[in-house]
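Each of the two complexes below includes subunit A, the first together with subunit B, the second together with subunit C.
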Partner chain A sequence: MPRILTRRWRATSGPWALLCTVVGFVYLFSLGPILITAAVSFNQTNRSFFPPRGFSLRWWERAFAPEWIDPLLFSLKLGSLTALLATLLALPLAFALYRYRFAGRNALIALTLGPLMLPTLVTGVGLLQLFQYLGWREYIGFTALLVGHVVICMPFAVRTVSISLQTLPPNVELAAASLGATRWLAMRHVVLPLIKSGVVAGAVFAFIHSFTDVNLSIFLARPGEVPITVKILGFLEFGFAPTLAAVSVITLLLPLILVAIVERVSGLGDFIYGDHRRG
Partner chain B sequence: MEITVVAEPALRLVGIEKHYGPTVAVAGIDLDVIEGEFVTLLGPSGCGKTTTLGLIAGFFHPTAGEIYLKGRPVVDLPSFQRDIGVVFQDYALFPHMTAAENVAFGLRMRKVPPAEIAKRVADALDLVQLAGLGERRPLQMSGGQRQRVALARALVINPTVLLLDEPLSNLDLKLREEMRVEIASIQRRLGITTVFVTHDQSEALVMSNRIAVMNAGRIEQIGDPSDIYERPATRFVAEFIGRMNLFSGQVTAARTVKTARGLEIGVPVPQEIAAGAAVHVAVRPERTHLLRDKPADGLALRGTLRQVLYLGPTREFHVDRSVAEERRTRDDGVCAVPEDRGRPLDRTDATAHTAGKPLADLRDHGGVVALAFGRVEIDQLHTGKW
Partner chain C sequence: MTETGQRRRVPAYWLLIAIPATVLLAFFVLPNALLLSASFLKSEAQQLTDQVTLDNYRFLFTRPLYLEVFARTFIVGLAVGVIDIVLGFPLAYFLVRTKSRWKGLLIALSLAPLLASVVVRTYGWYIILNRFGVANDVLLGLGVISERIAFMPSTGAIVIGLAHALLPYAVLTIMGSLNGINPNLESAAMSLGASRTRTFFNVVLPLSLPGIAGGFILVFSIAISAYATPAILGGPATQVAATAIYTFIIQLLDWSLGAALAVVLIVCSLSLLYAASRMGARQATL
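And then the complex of A and B:
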């Protein structure tokens, strides 16, 4: 059927119109705030008008001052380390949980995936109290944040790694062993390359989750060791300003750029959209 | 001085057992495979044949027993130290590697110099007729090509034993028949000791030097293909390989066998079997003929022609003795007649009154015919519980 005919038919049908409306609303509410925030950052005066009045780049200049850049770099560092640690821990954990049956396996699954279900706020308060109870006050700040973030981010990595383990073609490990590969060599040359996208996806999810977390970070930060989200939240007490809009846009773009790069390099799409392409 | 050389079997299994909890997958297997031999483990699914292969490959540890490869005990060696080549049912190719990289894998693990790897990989791909396709990835190849890559990958390392786990079952019929011949010819050319697992009897008959028919974790019979087909040692083997008419009866005073329903079979009953002894008679369908009437010697099964199955080269006539009684009785028989004989009735019928009858007559299901056994046509006669 010629394409134009299909389209005309769809445009006039009720369900199609309904779908268009729903999708339209989804886009409005997901893209709208971003576009408005971006627009606000170009206001002439220190007021958050929308549509912006006048045009100025000075709020963007201010967004790149140490006051904002330092927490941003801090969040980047925290997110990267969290992603690295969470993934390194998730690999053996996923193997253990989804390859072997052992006593306490269910308990371990609950412990590992539990933080996904718990409100992060509660985890944050709990961790703060734990650190204080243990007398580890001096670790509150980066170390405590790192521990907390690994705890709340690891479930994502465990999930993606175990999904990729389940899609591993059967027998490839046995085939490698029959060809003379030790367990380690089979892991390095066969298993890891085949679950790579799951591992990378896990790391990316962990990074994004860490980078955007505020619930947990708000309890474990200390002056000088503040993630960007907590900094933004603190600044909001004085009201929304064009500077904040600029900072928000930067904070928003960073993870997006990261996802785009990873998508290019290793096909993260397999993981976000399902893995039909892996065959 | 005389020197006696006792050939060490390339592969020896001694009392191999594998239990999974209360389930016994392999219940005690002894098997010697000599250098260069092609041995097939044949049996229905769940008979323990694939488990046995996995035990030889070292994928799991036997509950009891010993395995020797060229005299070397390997039961406690991990798979990667056993020097074996395995072709899996699903090929288990590495999807992230090209065909050539797949084939090179075993050599890389053995730290063979790169120049030699390149040469041996090219030779192996050549051997399986994939020269020039080395840069393809498994997903870009057809099932038959993947199968060849898997074969090349297992062969290139010159393993002590080549293990093939139903490698043809994922191919379509035409390709399967082609690969049968090709794998067998490669095996003969390289002289590589091979253990082949299949549930397909025609594969086993075509490819093997010897066949081990397995059932319920044991080897029921081991022998060359014609042994297995012509002289099945157990009832299971008789029924599993090919079609078989089985009749249970008693030896009569006239040295024939008579079934409970009165069918009399003229079988040369050995002297040591006394009259009255319970025996089983097994007759291959292709050794029977179909007659319009009972022959003069009376050694035939008279019944209703229930079904005529056209199989291409042959036509099967299912004769049902129990016309009005219950359907399946042991006295039912199958007669297979080669199509090129044209009329199934004219082969031996001396009375010739049916010779001119057209075949079409026999296609009328429900017609009364006789399934005849000549004296020389009996395949097996077994006494007692067989």
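And then the complex of A and C:
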């Protein structure tokens, strides 16, 4: 069917129009609550009026008070360190899984993906128990959170690095070796630059997973060392506060900006889709 | 000489995997093993003893309170799975088949909620559903209700919040299987005289069943272990497995029961994900 005909048929046909309507409602369902949260943060009064009554930035001012900025910075620090460590651990792991066939390889894959399969909450409880059992109580807080986040974020990094390794042209390493490169030089100058975008994507996913985690963090945080998500969750007991809406919008915008920048610079889309097609 | 010769025989992959594997063994396998063992130990005065027992499991599976928690968790998982498939399938089908030039943006918009923490996304529902919230304002304004209703805490609110939070997972999984269907099959069916509706039900739907089943199981398994949404939109009377684990461990300091409940959750999740990976869900691919 010629393209124009298809289009006209689609535009006028019932099922497609119906589908578009349904899809519109799904988008509304999916994005509505987020937009409402953003809108009520501009309310003048201490109520969640929607549409907002009046316009005020005072809740936003309060969102930048130390009470909220500190956990936010804590989460940023935790997320960045997690992304760095998880990627550093994921690189050799993914490379070994891609490059070598060895006894126990499948077990290692299962081990690597384990934190993704098991409920995060359970890993959090387990780590809390481990730290208490070993008498490492003073490490509960930032250190325990870092360890936990690295464990639950590593699978994301391993997966994206694996995907980009699979797109390597075959035998690049052999080619480099035949030109006289040592294994390390081939890795450093040939393989790493080629998988760079996968490594960056892995670090970004690890950061976002860490930054948005609640299930593990609720068990390992301690007063003064609290990620922003846990802080928000704890604050919800006191009911609605427009400040919280403003804080929510900030924590939502940060990963969004990060993803937009990285998408511009090195591309992320392939890694959300890429492994799909490979299935 | 022999010594260095032997050292050289240490395979290269050992050097690569040694540190990451150790980290995973120490901080993932070991904690879970500890948890598993704690679930078989008796707890006394908020301390674990070394008495081996099955009482923790017996307790969980006989008390009506906890049977209710299991039932609620299961129902929540089921309802969230069904809702997300019903909402996610049209969206996924639209995103795969649309010729719009905004396709990239539309896909990004449908996945963008994944960038926000579940806490933030659920907070939106809190604003909408609480007694003085948006839903009440709108319904009062329209004259549908005459006095304020508490939509939350309730199991229904938990279901809505989780369905909202987990929708992108269903969309991603279903898109994966729809992407694998050759669009020519649809053209072929229609050229043979099938209507668009009939083509959909006889060709597209059966071919995308693995994705639907995989998406359902993935969403179900995340929903039954979710903590934040039930904690925000539910209350003490609407506990689910995850909030009950939190109560046991953080508030009651009863490690045995908390661990046993966690083990039940692990067993459910793992068997579900195993089933899902057999059906082609993306979670298990590397």
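The rule is simple: the second predicted complex is superposed on the first by the 262 of 279 C-alpha atoms of A that agree within 3 Å, B and C clash if a C-alpha of one lies under 4 Å from a C-alpha of the other, contacts with A are read in each partner's own complex, and residues count from 1 in each chain.
To be clear about the criterion, a contact is a pair of C-beta atoms (placed from the backbone, for glycine too) under 8 Å apart; a residue touches a chain by one contact, two chains touch by 3 or more.
The model shown is predicted, which means the values in this text are computed figures rather than measured ones.
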Quick check on the subunit A-based superposition: subunit B and subunit C, clash or fit?
fit
For subunit A, which side has the bigger count of touched residues, subunit B or subunit C?
C
Per the contact definition in the header, classify A:182: touching subunit B only (first), subunit C only (second), both, or neither.
first
What is the contact status of A:218 with respect to subunit B (first) and subunit C (second): first, second, both, or neither?
second
Once the shared chain is lined up, is A:19 touching subunit B (first), subunit C (second), both, or neither of them?
second
Go through the superposed model and pick first if A:76 touches only subunit B, second if only subunit C, both, or neither.
neither
Taking CA centres, what is the subunit B/subunit A/subunit C angle in steps of 10 degrees?
100
Is A:194 touching the first partner subunit B, the second partner subunit C, both, or neither of them?
first
Is A:84 touching anything from subunit B or subunit C once the two structures are fitted on A? First, second, both or neither.
neither
Figure out whether A:162 sits in contact with subunit B (first) or subunit C (second), or with both, or with neither.
second
Could you grab the smallest C-alpha gap between subunit B and subunit C in the overlay, to the nearest Å?
13
Overlap of subunit B and subunit C contacts on subunit A, residues 278-279
Per the touch rule, the subunit B residues reaching subunit A in their complex are 57-59, 78-86, 88, 90, 92-96, 105-106, 108-110, 139, 153-154, 157, 163
Given the complex, residues on subunit A that touch subunit C span 1, 7, 13, 15-16, 19-20, 22-23, 26-27, 29-34, 36-37, 40, 47-50, 89-90, 92-93, 95-97, 99-100, 102, 108-109, 111-123, 125-130, 133, 147-148, 150-151, 154, 158-159, 162, 183, 208, 211-215, 218-219, 228-229, 232-233, 236, 239-240, 244-245, 248, 251-252, 255-256, 259, 269, 272, 275-279
In the complex with subunit B, residue positions of subunit A that touch it:
169-172, 174-182, 185, 189-190, 193-194, 278-279
Subunit C contacts subunit A in the complex at 11-13, 15-17, 19-21, 23-25, 27-32, 34-35, 38, 87-88, 90-91, 93-94, 99, 104, 109-121, 123-128, 130, 132-134, 137, 164, 167-168, 172, 175-176, 179-180, 187, 196-197, 200, 225-228, 231-232, 242, 245-246, 249-250, 255, 258-259, 262, 265-266, 269-270, 273, 280, 282-286
